[in-house]
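The same subunit A turns up in both complexes below, where it pairs with subunit B and then with subunit C.
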Partner chain A sequence: MSEVILEIEGFSGPCWVCKRTLIRSSGCVKQVALAAASPPKYHLDTLCSLSDIAVVTMISLSDPRNSNPVLSALKIKPQDKIISIRENLTADSNFILTHLIKQILYEKNRLCLVSFHNPVEHYQYVGKKLGYDLLKAVEDNVVKIVEPISDIVENIGLEENYLQEDKENLVKCFYHDIKRCLSDISTEETQTYLMVDDLSHLLDLGVDLSVIINFVNYCVNFINNDRVSVVLNSHVSSKIDEIIANNLQYIADVHIEVSPLNTGRSTDVTGFLTVERSTGKSRYHYKAFDRGDKNFPSR
Partner chain B sequence: MLKSYLTKQPYTKFILIEDTLQEQGKQIFHYLVKTHIDKGQYKVQYFVFHENFPRLRSTFTNTINVCLHDLTGDVCGWDENEERKDFESSISELNGGDVVIVDSLAHAIYQYGLGETYRLINNVKNQGVQQIIALLHTDLLKEKEKICSLFEHLSTLNLNIEPKFISENRRAQYTHKKSGGKVITQIEEYKFEGTNFVTQKIEKPSVKKLLDSTQMPQADPESISTFRIGLTDEEKISRDQLVLPYLPKSETQTGKEEGKIFYEFDQRDDWDEEDPDDDLDI
Partner chain C sequence: MEKKNQNIPGTTQKYQNGQLLTSSGIPSLDSLLGGGFPRKTFMDLILKLFLNTFAEGIAKKHSVFIASQDVNPSSIIKELPAVIENEPETDSKISKTCDGSDKMKIAFRYQNLPTVDSSTSNIKHIGHSFDLSRNMSLNDIENSEIYYWTGQRIENGFNQSINKNINGWLIQSEHHLLHCNFTPPYRDRGGPNSMGFGFSSERSKTFSNPAYNELLKSIKNKIKEGKFFLKDNPVKRSVLRIGIHSLGSPMWLPHRKSLHSINSTRDLDMFIFCLRALVRSAYAIAVITVPTHLYHEVSLDRCIHSSDIAMRLQAFSGTELENNQSLSDYQGFFYLTKLAAINSLVSRHPGSIEYAFKLRRKKFSIEVLHLPPDIQDDGKKENLPSFGCGRGNKQLLDF
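The block that comes next holds the complex of A and B.
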């Protein structure tokens, strides 16, 4: 027997298989398909005949957007063009990025990953734990990685590229690298995501705040192409970092904030996750495990 | 009064709305823009420094008296876009029948510098336009006090969005410099009832109402604990009926007689029947 999850609107009525009359508010109902029926007939716990159901959406259990607790909390859709992630103090928002990569690869979309913070081996290692092979995706030209860290290491003592004196020129070259990568992997059939981890490292390279603000403008302008979305991560531990993060938050379609607990550390809860959209704010506590994260709603 | 200062003619020259992420002023900003568009009296010159230009343009598709200026595209000339617009060249084409909107003064400052932005806004003000409306996100500024004081000096009405206090309505503190020289500083509450912008003076709250609202709600132990604390009616009755064995019984209780002590005097006992305390004068 196959298992599916049906997402339903609020409904009340008799189940057409077991004839019980039940009332159900909207939510997910686990169903069991009766074998060898064509078209498939489902023994419905709480639903009436299919013609009476206002909205029924068939969702597979293997879809990480529903089965993965982090992705089901974020609910990122193609209409979310600007996604800002704010990492406060000692919290680590890397799990958000790695889970988003999982979703992007599952949806067979394209990704341009700009990593200031972690080497590509880190994403590959984490990806293996989460169930995807990032390096294979790079080989298949689905993912392009821009890794300034290795360039910085090579340029130590040379004052070239990322260590040059002219910081605006540095960011300009960086922008053109990203633009080139995006145009290399973009297609008309798929959504392309630009993911930057993270913007506050530009400050560490000595780039002026006004140049970073303008660079963010350029990144946001990539969404003028309907097939491009941007995911911009920023770490906040100083006033200047806060300005960069606030700048993103003003225009983001989805603002994700990861914070440590106010009262200290806990073995049961790693931190606090907030997902904010124009429609409202959702708050969760999350616990990081070796092979994933779990989150639960917080008041 | 705030609403009349914002919307009544003759228009106040330069409205500066200062806000933060927590206390956002974009609702008032969009209301003022919409008011000018709906009146249709003057052409609205909307300078976009922050929002995504195509997205904003799609919200103004059916409006004819709005001219949008894209100042987000290729701000530094990195794309070598020859059609790139410049704020100074755009404002040089303004005339007296225009209303100038600036969606983010902070981004204009980051693009052109503080001094240059101040000079350009001052030029626009002196150019004889009908009104300038600018939104300044103060939490995007490095030198917040300095920049705010500069533009507040330039403005004729500056509005500071304040946090809510006691009431559910939002608050705005404003300073209005009238054309006659009088300066009014006031805090008012405001709310939006649909598309209608309602402002009202802050009423002095009654002391009784304040005290009632400050009283801590009685914590219900039943809702806090994971086990049942209270008693059912039957349990209360059986508790009242319980007689504890070692507590003194009441005098009205009839029970066994108290024990008595019978003492037989010996021959040697000298028992005096008189009360030894008789001679005390008590």
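The block that comes next holds the complex of A and C.
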């Protein structure tokens, strides 16, 4: 049995033996992790029983929807059909997307990821830290990736596909790509998620606002199939971006907003996170760590 | 793949997220960014940084691609600072002398702050130091692969007459010209709107100023030819440093449209997004300087969103801060607008610390802004009337 030292930040979850709920809100806990296959016969934390060794593996922890601070704040359910994410100015909403991928893979659902902002490599690195292997999921045909950020390289100079003059046609082709991917992976038993990382990059490609709104409309129409949900991420820095983001907010079942701190930057808190539903709005401060994020309720 | 990365000269691999870092050429900037520019990075910056970055590239034998429509890129290369061969005094030596000095009583909130930022001092420096007072020798420049883009045609090498002496290089230059789909001379082919400048005859469908498209095309060809793409498998892996000077300046406006139209910013946004895609898929870094002071209404926010690192330098000269005594050590403020998290959730942004830059005769450096203690005697205090039962002829050190 090999020993691995894991550093877990902001971990919370029940102990396997004494069922005591442990919530770590500050500091970093160093625990000894043994191989994942070993039965959970030890206490989770040395606080439960000082003589026992804690057994923790990142992957075999309890349901991430409860134990993961981000996912427990978001509380995304299969009924949430349209999830819009708005990132303001210099804030980075990437952690929301990568955590949602974690939940999707945990629930054994299907995912079509459209990536404008980061190459797949980035998601793979972050995914490994969060405890999933995206490329393996791609191999298993659970995840399909449409990667305009890589495909564009081929079009540079030739002015085809993503760089063609007819922007409406560009969006049409793009839509058909997504549709094909969705039909490839969707099954009767599972929920299929369409995730677009940064819709606002369509603006950079010269697509008109009206065409983008139209595209959003088409994407949203995917939910006519009960087994499909859409996650649309949009960055806001200019007025035109804001129109897209407001439109997304208007149609969304769950609206998530990530903003930087109003007063500048801090080493203790990265920014604000707002989760808005028809039932109410909750606000958090969040701090990004290399192994996940930590939320604090905020007023 | 990862093992291969370690063999690239002038780079170092970051353990946490497998990022490949390359030096910016300024030790203080490297430590601020956590070791250097991540490979596949992308940023906006100003000329001195620009020069150092490319001097570093040449010192490390990286390939360099320089583009500008404002000045001749070869004159930028001529101004590159020389490498200091001897290792400069390390910071630890300096901090030791500080520790040895007498203890000074300071305000409690600063008392526990480390004098040297421990997070940055651990970082191993991978770059060279440069002497701004001297220029890099012609010999070094001749032996490097440098590509110039002037907006009219690509020139390979520093000076054609020098090139002829170096066989291998000349072959490469011919090879390069073959790969670029240029049909020189441009000047002769202009239509009624051309005003004698390039590209007017080759209309771009997507960009309103075809120069953007041509530049992207040239960069892509360069990456392809030098086998810098991630998927390529060259014998010896190297890094391409792309420099674009004064992008979006009036020289980049579309010829037929007057001043800053909406389309001209769209061009810039699209260009930067395409360049991001290019650079992210190759062993390359791109440094772009944008003269934002020329812009009033046009916002660069979308460009910043598409970039990985964004910095802003604000000089004191010409502003009311110019004669401020307490800022006399510095030449201007340095703002780190954005430092993206690549392959990670955490950005290494140092928080709300203020930085300033110093431009000395030999060195350009970025430091945490420290205001000097207010202990200067400005003569006024002596004339103050004394109150209470104090003696009139009080000495300075009396209480």
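For this structure, a couple of remarks:
Definition applied: the second predicted complex is superposed on the first by the 238 of 299 C-alpha atoms of A that agree within 3 Å, B and C clash if a C-alpha of one lies under 4 Å from a C-alpha of the other, contacts with A are read in each partner's own complex, and residues count from 1 in each chain.
By definition in this document, a residue touches a chain if its C-beta (ideal position, glycine included) is under 8 Å from a C-beta of that chain, and two chains touch if they have at least 3 such contacts.
Remember, predicted model here, so these are calculated numbers, not experimental data.
Legend: residue contacts after superposition of the two complexes on their common chain; A:165 is shown touching subunit C, with no touch to subunit B.
By the touch criterion defined above, A:149 reaches subunit C but does not reach subunit B.
Within the superposed three-chain model, A:107 lies out of touch with both subunit B and subunit C [touch as defined at top]. Touched residues of subunit A were counted for both subunit B and subunit C, and C has more of them. Touch criterion met: A:95 reaches subunit C, while subunit B stays clear of it.
Contacts of A:63 after superposition: neither subunit B nor subunit C is touched. In the overlay built on the shared chain, the residue A:201 is in contact with subunit C alone; subunit B does not reach it. Of the two partner chains placed by superposition, only subunit B is touched by A:243; subunit C is not. In the overlay built on the shared chain, the residue A:80 is in contact with neither subunit B nor subunit C. Touching of subunit A by both subunit B and subunit C, each in its own complex, is seen for no residue at all. Contact residues of subunit A toward subunit B in the complex are 81-82, 168, 172, 175-176, 209-211, 213-214, 217-218, 220-221, 223-224, 239-240, 242-243, 246-247, 249-251. Every residue of subunit A that touches subunit C in the complex is listed here, in rising order: 89-90, 92, 94-95, 98, 118-119, 121-122, 125-126, 129, 148-150, 152-153, 156-157, 159, 163-165, 200-201, 203-206, 235, 237-238, 241, 264-267, 270, 288-290, 292-293.
Subunit B contributes residues 21, 50-54, 72-76, 78, 107, 110-111, 137, 139-142 to its touches with subunit A in the complex. The part of subunit C that touches subunit A in the complex is made up of residues 16-18, 181, 204-206, 213, 216-217, 220-221, 266, 269-270, 272-274, 276-278, 280-281, 299, 301-302, 304-306, 337-338, 340-347, 349-352.
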